[in-house]
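In the two assemblies presented below, subunit A is common to both, partnered first by subunit B and then by subunit C.
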Partner chain A sequence: MTDTAERRALTREQLLSVYRTMRSIREFEERVHAEFATGEIPGFVHLYAGEEASAVGVCSNLDDRDTIASTHRGHGHCIAKGVDVSEMMAEIYGRRTGSCHGKGGSMHIADLSKGMLGANGIVGGGPPLICGTALAAKIKGTGGVSVAFFGDGASNQGTTLESMNLASVWNLPAIFIAENNGYAEATSSTWSVASDNIADRAAGFGMPGVIVDGFDFFAVHETASEAVSRAREGGGPTLIEMKFTRYFGHFEGDQQTYRAGEVEHARAELDCLRRFAARVIETGELARSDLDAVDAEVATMIDKAVDEAKAAPLPTEADLLTDVYSHY
Partner chain B sequence: MARTITYREAINEALAQEMERDESVIVMGEDNAGGAGSPGEEDAWGGVLGVTKGLYHKFPGRVLDTPISESAFIGAAIGAATAGMRPVAELMFVDFMGVCFDQIYNQAAKFRYMFGGKAVTPVVIRTMYGAGLRAAAQHSQCLYPLFTHIPGLKVVVPSTPYDAKGLLTHAIRDNDPVMFFEHKALYDMAGPVPEEGYAVPFGEANVVREGGDVTIVTLGRMVHTSLEAAEQLAAAGVQCEVVDLRTTSPLDEDTVLESVEGTGRVVVVDEAHPRCSVATDISALVAKKAFGALRAPIEMVTAPHTPVPFSSTLEDLYMPDAQRIVNAVKTIAEWTR
Partner chain C sequence: MGDAIVGVVANPLSGRDIRRLVTQASVFPTAEKANMIQRMLTALDAVGVHRVLLSTDLGGISASVFRAIGRRRDQDGRWPEVEFLDGQPIRQTAQDTVDAVRRMVTAGARVIVCLGGDGTARVTASAVGDVPMLALSTGTNNTFPVVREATIAGLAAGLVATGMVPADGAATRAKLLEARVGDRVETALVDVAVSTERHVGARAVWDPAKLTELFCAFAEPDAIGLSSILGQVSPVTRHESHGVTARITAEAALQVLAPIAPGLIVPVGVRAIEPMRPGSVHPIDARAGAIVVDGERELTFEPGEQPTVRLRADGPWCVDVPAVLAASARLGLLRRARQWPWSDQDLQAPTG
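Here is the complex of A and B:
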């Protein structure tokens, strides 16, 4: 599917919302990248910049009934599913005001009230979980759909493969989004994935497998829309493979000596935000000034989130022992 | 009103009564009904040892057979628990934890803490443990110490039909992830069990025999072996107090310590391996918090630090038995300081 593919028309408000979300992810990640370099952000951080069209293209088809599970590279999925950006930033800074009160950090941001079942520090941790949320939706008859985002690395994990099989066996309203950004840590997916495409594996689990240009919001949105509709109607799971690349390293601090210029090319030629802007301006659906206004609004929001995070209180000693159990 | 039923029937009854009481309770596992997609009988097995037999027809759509994919279905039970269900998943033998442990200890156990208290995960994972059935090294282990080590999990090891029903009922109603250990050699054991539903709370050990000379702290199947030893010792003039821990997480420290304060002597009896185990945990607890009361060294009777052997000769040697408990008790009963 390409930029010129037929697509369901999005309203002006929807287009602005989609752009705002993608821009928020980009700005969030660029800013975390810059702030991490100052040494103020503790721990491991994995950035999603470059992959925005996947999270937003999928999640713009979801609503409050729906659940997603994410990965260690989870900031984009969180923002796309509606997790509060200021609370996320505070969490990354380890503050008490963070999404998880500073007890989770970048790799464990979650907001179950938004259907966001957590970023996940374990590669392949999410797919089994969304089989469960999909099962719950099916038994309760909510019409809810569950989505597992996972990377090319997780596509080789048994948990992921077992979950795709189970989702088909139980005919679950589940969608598996393989975000093939080309590298599992420093290892190329052209080496680690034995099939030509991750999507090819869908045939082995009795579900459709679709390959999408992960830089193309409209292609992602359209493909995900079909998968979501089918899942909601009881038609079972789908595997969608996004092909794209990430703009930063595996983690912040990764010198990326294994890469060879593809980021510069992607930023200049393939970038999802540029392509989205060019498309909606060309069709006349939005004006440059509309997008500029969103950019300014998002920049202010991220500035505020960083300022608030830096000023926010740290957890206290009493927080160490709470919330291990509901009751013990 | 109590009548006599087996440990297996007690577990089945707890499941049935909780499924009746709360429609969010669902059951899943390998052959939990049995016969899915097969040309013959549905509900053919009711689990590999028949524990869930009959639930499939009683609760349509709420007893799910699974492929042999422990990571996927244990993870699915956990995911469903975060979404308003109360799943009871069966991990057939606890030895199979190796193919799904991540979902239990990295996912279920940690959600609440990692997410800042914003998650509840009311999942129960029922699992068989224990030696004695000549089932060899990969179907006989007592791995509850590994789960007890993990913050966020609760670990239950019932010893009688009464406790099996009451503790499972509590486990299903509990909002935290619970590992529920069923000894495969206890399934046919019969005992008095009330017909009506009831919950036995966690973290409350049961003094199953009173005595003033030596405390025996134990759990699961070893409760019965310890009681057998206590009978023999009583005939020899040594009165043992036998404490059944019931749950290893939470742990009822007070009941253990109170008993040891009274007797000054303790033998910990555990079917698990000796290292980093319930036996060493209880020993450390007593050494730290009841040192002043001790009148003899702490004794442990456990399986050895070996895999479970197959040959009946070897497996019998492997299992702690009443004679070893008697010997350990006699050793410290004579000790003075």
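Here is the complex of A and C:
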């Protein structure tokens, strides 16, 4: 049992890295929010701000053997799994230098070299994908773990439920992260999720189901650490439900007439970055100046990513028939 | 006497923490929590409680009871009038339980039933004042709440709330442990432990190597959770005035095989076992770490802070379900006359 506590203990470098990643996601999303309003970004964007502790708390337990599948709200998962921020920004701007050469946009950012199977415009599209990669890891004996992030809306989709069933009967190294931000588009999860707690559904598939405060990095990290080691060691799948709030609307432009006051409360009282910073300063693990330096470094990185994306070329007609098929 | 009002507070998040993952702890579905409340409503009405105050939540418990009330048919029998305590923000934290219990106390509840684990009972106890509470288990670690059929708990709560069973002897006063770090105070009903883990994190504790000290208000030999460590070497009942404390260290000569969480039995080294006297203040030795109350990390402390733990005698009044129903049997409270032509003699209990 001692091993588990030792494994979760984070070094100073790891804490800095975690903070840098969470701050990168926040800064990226706040910037996309501002830039989208100018009309320069094509298509839709769904922003992950507020949910950073989930992506980073989970992915900080993963390594190169592991794969993740994401959602339409995927920027945070991509950054947490190590996808290049400049390439992501270029992708969102539809540029040739983007992660998918400008052909995917926000909802289709993927980078297989990083184990990022893709953001996904299909609600409930990710869970079946990770059953495939988890099965591959199991058969090949790589020790790899696969993680599907999905929302409360996707928790009601057949694909998600079938995937949890399959992962359980095949005892796959798969982890299902239900990011319950309270609303599927504008529909409250308290109305649409019959079991109310998504984690309750785990019992029906014979796997552990846990609820975590999704604003608390340390709670997420600790829980994910246990689920990942269990999966790696052949213990099978786990369902973890994060409870939290997204800071922006379902999509940019959403009038959000279905909620009031939640975001202000969350930003002021629950915010994962603030809580993380307050905690590590209190324990003396990091200093305010360490965090300020990261903030400055991240701001510069995002500025650069936006500038480069805006300056990058668009795909041309000649690019239409490239990257149409992919082989793995 | 006024209205015989019973408050019912149910924690939608109890029984959902990391212990499902690390120790195969039990799962209490929301639907079962709602069913328990419905069975309790039937029992409360049967003994003359006509008004129930129910906490509201975003976990689906109160919504499920609300729907059940709407669907109830005449032939299903009567339920008390249920007032849902809505109209204030639900934070999905322990504060929701505190807010609901305070409203119940203010509204004149005579008994407050709480559904949850040790954590929920602890939070309820902090807000009930002198109103008797009845803690029913729907959580993970159930040393303080009882695992008992909700129908029977409902009967007991109703018999006390209506005054049919005098509160004297029907409720006993629990002990309380008070952990203090500067201005921050947490109370525990069963045990306080000190962990060297720096963060509250996933709250639950399942690694004895991280524990340094343990304080128990009571330590029963058949307990689950951290108090089981001392329950096997220096038992203390709920009714004795003292508690017990010890140091936890892997190097100790005395090793106890203790069920420190459901599904988790581990050897724990114990030394320096001493009684805790009510009121005496015990300083904590560790330099930095987390204070664990009733099995969950709640307070962190840093070098320079000096946490203390104190045993108090003025814990919550708790309804003693077997004692209430025994009194009811003695007083014949659940006996009823059949319709004529049956005679009253049929109602007399056999003597001798």
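To be clear about the criterion, the second predicted complex is superposed on the first by the 318 of 328 C-alpha atoms of A that agree within 3 Å, B and C clash if a C-alpha of one lies under 4 Å from a C-alpha of the other, contacts with A are read in each partner's own complex, and residues count from 1 in each chain.
In this text, a residue touches a chain if its C-beta (ideal position, glycine included) is under 8 Å from a C-beta of that chain, and two chains touch if they have at least 3 such contacts.
The shown structure was predicted, so the numbers you read here are calculated from the model rather than taken from an experiment.
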Side-by-side fit of subunit B and subunit C on subunit A, or clash: fit
Partner chain(s) touched by A:Ser99 [first = subunit B, second = subunit C, both, neither]: first
Superposed model, angle subtended at subunit A by subunit C and subunit B (C-alpha, nearest 10 degrees): 120
Which of subunit B and subunit C A:Ile211 touches, first, second, both or neither: second
Which of subunit B and subunit C A:Ser195 touches, first, second, both or neither: second
Partner chain(s) touched by A:Ser70 [first = subunit B, second = subunit C, both, neither]: neither
First, second, both or neither for A:Thr223, with subunit B first and subunit C second: second
Contacts of A:His108 with subunit B and subunit C, given as first, second, both or neither: first
Of subunit B and subunit C, the chain that contacts the larger number of subunit A residues: B
Which superposed partner A:Tyr325 touches (first subunit B, second subunit C, both, neither): first
Subunit B versus subunit C as contact partner of A:Thr159, first or second or both or neither: first
Subunit B and subunit C, minimum CA distance [Å, superposed model]: 24
Contact set on subunit C toward subunit A in their complex: 12-13, 16-18, 20-22, 24, 27, 29-31, 58-61, 63, 89, 92, 197-203, 206-210, 266, 288, 300, 302
Residue ranges of subunit A touching subunit C (in the complex, touch as defined): 1-2, 4-5, 8, 190, 195-197, 199-200, 202-203, 208-212, 216, 218-219, 221-223, 226-227, 230, 238, 243, 261, 265, 279, 282-285
Contacting residues of subunit A [partner subunit B, same complex]: 67, 69, 98-104, 108, 110-113, 117-118, 120-122, 125, 127-137, 139-140, 146, 158-159, 162-163, 165-166, 169-170, 322-328
Complex contacts: residues of subunit B adjacent to subunit A: 26, 61-62, 64, 66-67, 69, 71-85, 87, 99, 102-103, 106-107, 110-120, 151-152, 154, 174-176, 203, 250
